[in-house]
Amino acid sequence: MTFLELTEGPLWYVAATVFVVGAAWRLLGILRFGRKPDLSVPRASAAGGAIGAVIRHSLPRHGFAERTAYHIIAGYMFHLGLFALLLFAAPHITFIHDRLLGVSWPALPRWGFIVVAEVAFAGLIMLWVRRICDPVMRQISDADDHAGTWLTFLAMLTGCLALQEGNDVLRGIHMLTVEVWMVYFPFSRLMHAFTFVLSRGYMGATYGRRGIAP
Amino acid sequence: MTAEKAVDAFLGQIDAAVASYLESCVHCGECAEACHFYEVTRDPKYTPTHKLKPMVRAYKRHKAPFSGLRRALGIAPSEVTLEELQEWSPLVYDACTMCARCTLVCPMGIDIATSIRKMREGMVAAGVAPQGLVEASERALEKGSPLGVTLKALKKQIADQEAETGIPVELDKKGADYMVILSAMEVLGFPEVIGALSRIFKQAGVSWTIPSAGFEGTNVGVQLGSRDIARELLARVVNAAETLEVKYVISPECGHAYSALKWEGPNLMGRPYKFEVVHILELLEQLRAEGRLRTKGKDGRRLTYHDPCQLVRRGGLAAQPRSLLHQVADGFVEMDNAGLGNYCCGGGGGVSSNERAEELRFKAFAKKKEQVDKLGGVEAMVTSCANCRNVLEEAVDEYHMDLEILGLTELLAEYLDDEAA
Amino acid sequence: MILSRLWRGLAGLALVLVVAWAAAAAWTGALDLDHGAWAQNQGTVPGNVHGTSNDADFWRQIRRGMPGKVSIPNPQAGVLVQSQGDNWRAIRNGPVLFYGGILLLASLAAIALFFLIRGRIRIEGGRSGRTIPRFSLTERIIHWFVACTFILLGITGLFLLFGKHLLVPIIGKAAFGVIANASLQCHNLFGPLFIVGIVAMFLVYLRDNGFNMVDVRWALKGGVLNSGHTSSEKNNAGEKIWFWMAVLGGLSLSVSGLMMEFPWWPTLELLQWANIAHVVVALGLIAVAFGHIYIGTLGVEGALEGMTKGEVDVNWGLEHHDLWAEEVLAEIEASRTKRRSDGYVPGVQQGSPAE
C-alpha cells in the first residue's frame, strides 16, 4: 500500500469516523444537559429570538463596528476563504463526488483558487498574530487555540502545495494533515464551527422571549 | 474543601445553555471591547470571558463531554483551588455588573452576564463573596431590606408623602389591582417617588396598594448569587401579592429587581405567579397611551436618558421610557449607543453594595461620562432605576460634574396636570 | 469615523485581493513544473536540418541568440538558446551560492561569538515592575505578519537555493523533488502577502526611523557592542538601519519576485538579473535577520515584551532607549497632571494598563 493509498483509504475512514462520532458526541453531550422550562411569562417568541441571534452575531454590530473591525475583516477573510477552498477547489469537488456524495458542482478556476487561498491565509495569519501580541488575547488564549490555528494552517498549506496534483506524496501529506485536523476537531475549540449555533441560539432564545434582540 | 463546594455549585448550575456558553468561546477577546471595566482600565484581566475561567475549568474537568477521557489521560484542567476563587472574587463581583453589554459584541453570542450570575452561586458556596454583599443579604433576610429599611421607616416616609400630596396611601388593601413594591434605595433616598405614584395613580384612577410585608423589591440574593436567599426574599413579595389578591405587581424603578421578579422569579419559585408583573415604565406608558396620564408643560432643559442595563438589555424596556420622556421634555437628546448598547452606570449587579469595588466603580463611570460629555451641554440625566440613580449621583459628585440625575416617574409627576381628572 | 475606518480596512482588503489576483494570474500562467528537461545529446550537432545550408553555421547563429519566428505573441520565445543563461547559472550556482552560504554561517558564528563574550544583556537595574508602552497594537501586528511571511519565504527560499546541494545527497532526488515543488508553491503563495506586509510596515514604522545626530553618536560609541551606556531614541541606529534594510530589501525582493512571477514581462536577461538580485538581497536580509531575532529574544532581556505585550519595563527603556523612555514617562506624567487639574480622577493612577 502506498502512502497515498494509506491516507486515502484506512486513515481517511478512521479520521472521518472520529470526526463525525466525536463531534456528534460532543454536541449531544451539551444538549443532554437540557434546560428546565422557563416559567416566566414571555413577551415574544423564543424561537424567533434564537434564529435572529444566530444571524445577527455573524454581522458587524452598530456601535461596535469600529472597535472590532480588525476581527471582523480578518475573520471574514479567513472563514469565507476557507469555505470557498473547502467547497470549490476542484480536487475537493472530485473527492466529494467520488467518495462522499456522488454529486458535483462547478469548481473555482485555478486563479480563483489562488486568490481565495491568499485571502484565507492572510486572514488566518492576521488572527493568529493578534493572538500573540494583543494583551487581551494573550490573557485568554491557551494551547488549544494555537494548536487549532496551526493545524488549520498546515491543512490549508499542504492543500496548496498539493495543488499541482501531479505529486502523490504531496497529495498524501495533505490528506494526512487534514486527517490529523479532523481527529483533533471534536476535542478542541475547532468545534465552535458547530457550537456557535448552540450558544447564539440559547442566548437568543433567552432574550428573545423577553422581547430583546441582543 | 470549600473549593469543592464551589465546584459542586458550579456544576449544579450547568444546563445546556450555560454549557454551550462555556464550550463555545473562541478566545477572540472581542468582549473586552464592550466591557466598561476593561475599557477604562485596559487591564486584560477584566476581559469578560476571563472572569468565568474557574467555572470553565471546573466544567471542563468534571462535566463537559470527554471530561472522563481527559481525566483518564491526565490532560483535564487541574482542580479549581480556593486561592484561585479568592483571586477571582474581585473579577466576578467587583468587575461585572451583569450588564450583558459584552454579549452584543460576542461572535459566539455568549451570555456572560447569565454565566456570571450562575458562577456567583459557587463563589458564595466557597465563601468568597464580598463582605458588603453578604452583609446586605443578611440584613435583607433579618430586617426585610438590604439597606435595613424597616416597616416603620417606610410608614414614616409614606406619611411624609401623604402630607405633601394630600393623598392617602392605603397599605395592604386587599383586592387592589396593583401592588407597588419599592427598592430600599427609593424608600431611603428618593421617597418622593411614593408621592409621585400617588398623584399619577390618582389622576389615572388606578387602584393600588403597598404591602406592609414584602414591600422590598431589591433582591440581593440574585446579586449575591444565592438561589436560596433569592427565593426566600422573592417569596415575601409573592406571598404578599397573592394574599392581597392583587392582579398586578408593579416592579419599581430598579433594574435588578425587575429581572429578579419578572424573569428569574417564577423559576426560583418553581411555579408561575397568580399575578402579572409589570414594570412601572410599562404601566406608565400604557396609561399615557390610553390618555390617562395627562401632563401640562414641558421641561426645557437639555436632558438625556440613561438606560438601566437590566431594563434595556435584559428586560426589554427601551421604547417606553423614551415615549414617556418625549411627553414631558423638549430637550431630550440621545447618547451614543443609546438603547441596547448603552453603557452601564458602573454599579449594577451588586457592585454598588460592595465597598471593595468602589474605586473601580468610579473608574468605570468614565465611560458614561464620555457619552455625556460627547453630547455637550447636558443639564440632566434621567433614569429609571434607583440604584443607577444613586450610583450616578455619587459618581457625578466624585467627578465634579454639573449634572442633575432625575428619576423618570418623578419627572413625569412634576408635569402632571392635577386639575385634569 | 467608523465608516472611514471600515473603508480603510476594505481598501487594505482590496489591495490584498489585487496583489493576490496578480500573483495568481502569474502563477497559473507561468508555473509549470511538470516539464521534464529536454534531453540533450552532449556535443553532437543535429545534422541535415535544412538540406543544403551549412548546419554548423545554422547552429552557431542559434547559439548566438538569433531569434526565429514563433506563432505565439511572446517574441522572446523565438530565441532558442540565450547564452547569458549560462552566465546566470554559473553566477547563481557558483559565487552566489558559495559566498551566500558563507555569509549565513558567518552570521550565525558572529552571533554565537557575541553570546559567548557578552552573554545575555540583562536589565542592569533589574525590573522596576512598572512598564511603559513601546509598540502599538498596529505596529505589533504588522511586525508579526511580516515576520511570519518572511520566515515562510526564507525557509522555502533556502530550500530552493541550497536544497540541490545540501538535501539531495541526504534524502535523494525524488524526495527533494517533492520538497522543491512544495517550496516553490509555498514561496509563490506567501510572496504577495509579504509585499502587502512590507508596504504596511514602511507606512507605519517610518516616523520613528529617521536618522539624526543621536544615531551617529550611538554608532560611534559602538552601539550594542559597547557595554557602557549609549543614548538612543525609540529606535537606535542599528534598528533604524535594519528598518531601512528590511523596507528597501523587501521592496527589491518584491520587485524581483514579481518579475519572476510574471516572467513574460521582463526580458530574459532582466529576469536573470532579477533572480540573482533576489537571491543576494534575500541572503543579506536573512543573515541580518538572524541577528535581529537573537537580539530580540535571547540576546537582550526584556526586549521581546515590547513586541508581544507592547509594554517594556521602565528600566529596560531607560537603559536601552533613554531619550525615548524619558519622553514617554514625561508624557504620562503630563497627562496625569492634566487629568488631575481637569477634575477628580478616581483611583490613583490610570496610566498604562500594567499598573
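Going by the order they are written in, the chains are A, B and C; count residues from 1 in each one.
We adopt the following convention: a contact is a pair of C-beta atoms (placed from the backbone, for glycine too) under 8 Å apart; a residue touches a chain by one contact, two chains touch by 3 or more.
Only a predicted model underlies this, so the values are computations on that prediction, with no experimental measurement involved.
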item: Per Cα centroids, the chain farthest from chain C; value: B
item: Innermost chain by mean C-alpha position; value: A
item: Length of the line joining the C-alpha centres of chain B and chain C, rounded to whole Å; value: 55
item: Chain A-chain B separation of Cα centroids, rounded to whole Å; value: 37
item: Intercentroid distance (Cα basis), chain C paired with chain A, Å; value: 31
item: Overlap residues in chain A, where contacts from two or more other chains coincide; value: 134-135, 138
item: Chain B, residues touching no fewer than two other chains; value: 42, 44
item: For chain C, residues contacting two or more additional chains; value: 353
item: Parts of chain C lying in touch with chain A, wherever the complex brings them together; value: 1-2, 5-6, 9-10, 12-13, 16-17, 19-21, 23-25, 27-28, 33-34, 137, 140-141, 143-145, 148-149, 178, 181-182, 185-186, 189-190, 192-193, 196, 307-310, 353
item: Footprint of chain A on chain B - complex, ascending; value: 14-17, 19-21, 23-30, 32-34, 38, 42, 44-45, 47, 49-50, 64-66, 100, 103-111, 114, 262-267, 269-272, 276-277, 312-316, 336-337, 340-341
item: For the chain A and chain C complex, residues of the former touching the latter; value: 65-66, 69-70, 73, 77, 110-115, 117-119, 121-122, 125-126, 128-130, 132-135, 138, 157, 160-161, 163-164, 166-167, 169-170
item: Interface residues, chain A side, partner chain B - complex; value: 25-26, 28-36, 38-41, 43, 53-54, 57-58, 61-64, 67-68, 71, 75, 131, 134-142, 145, 186-187, 189, 191-192, 195-196, 198-204, 206-207, 210-214
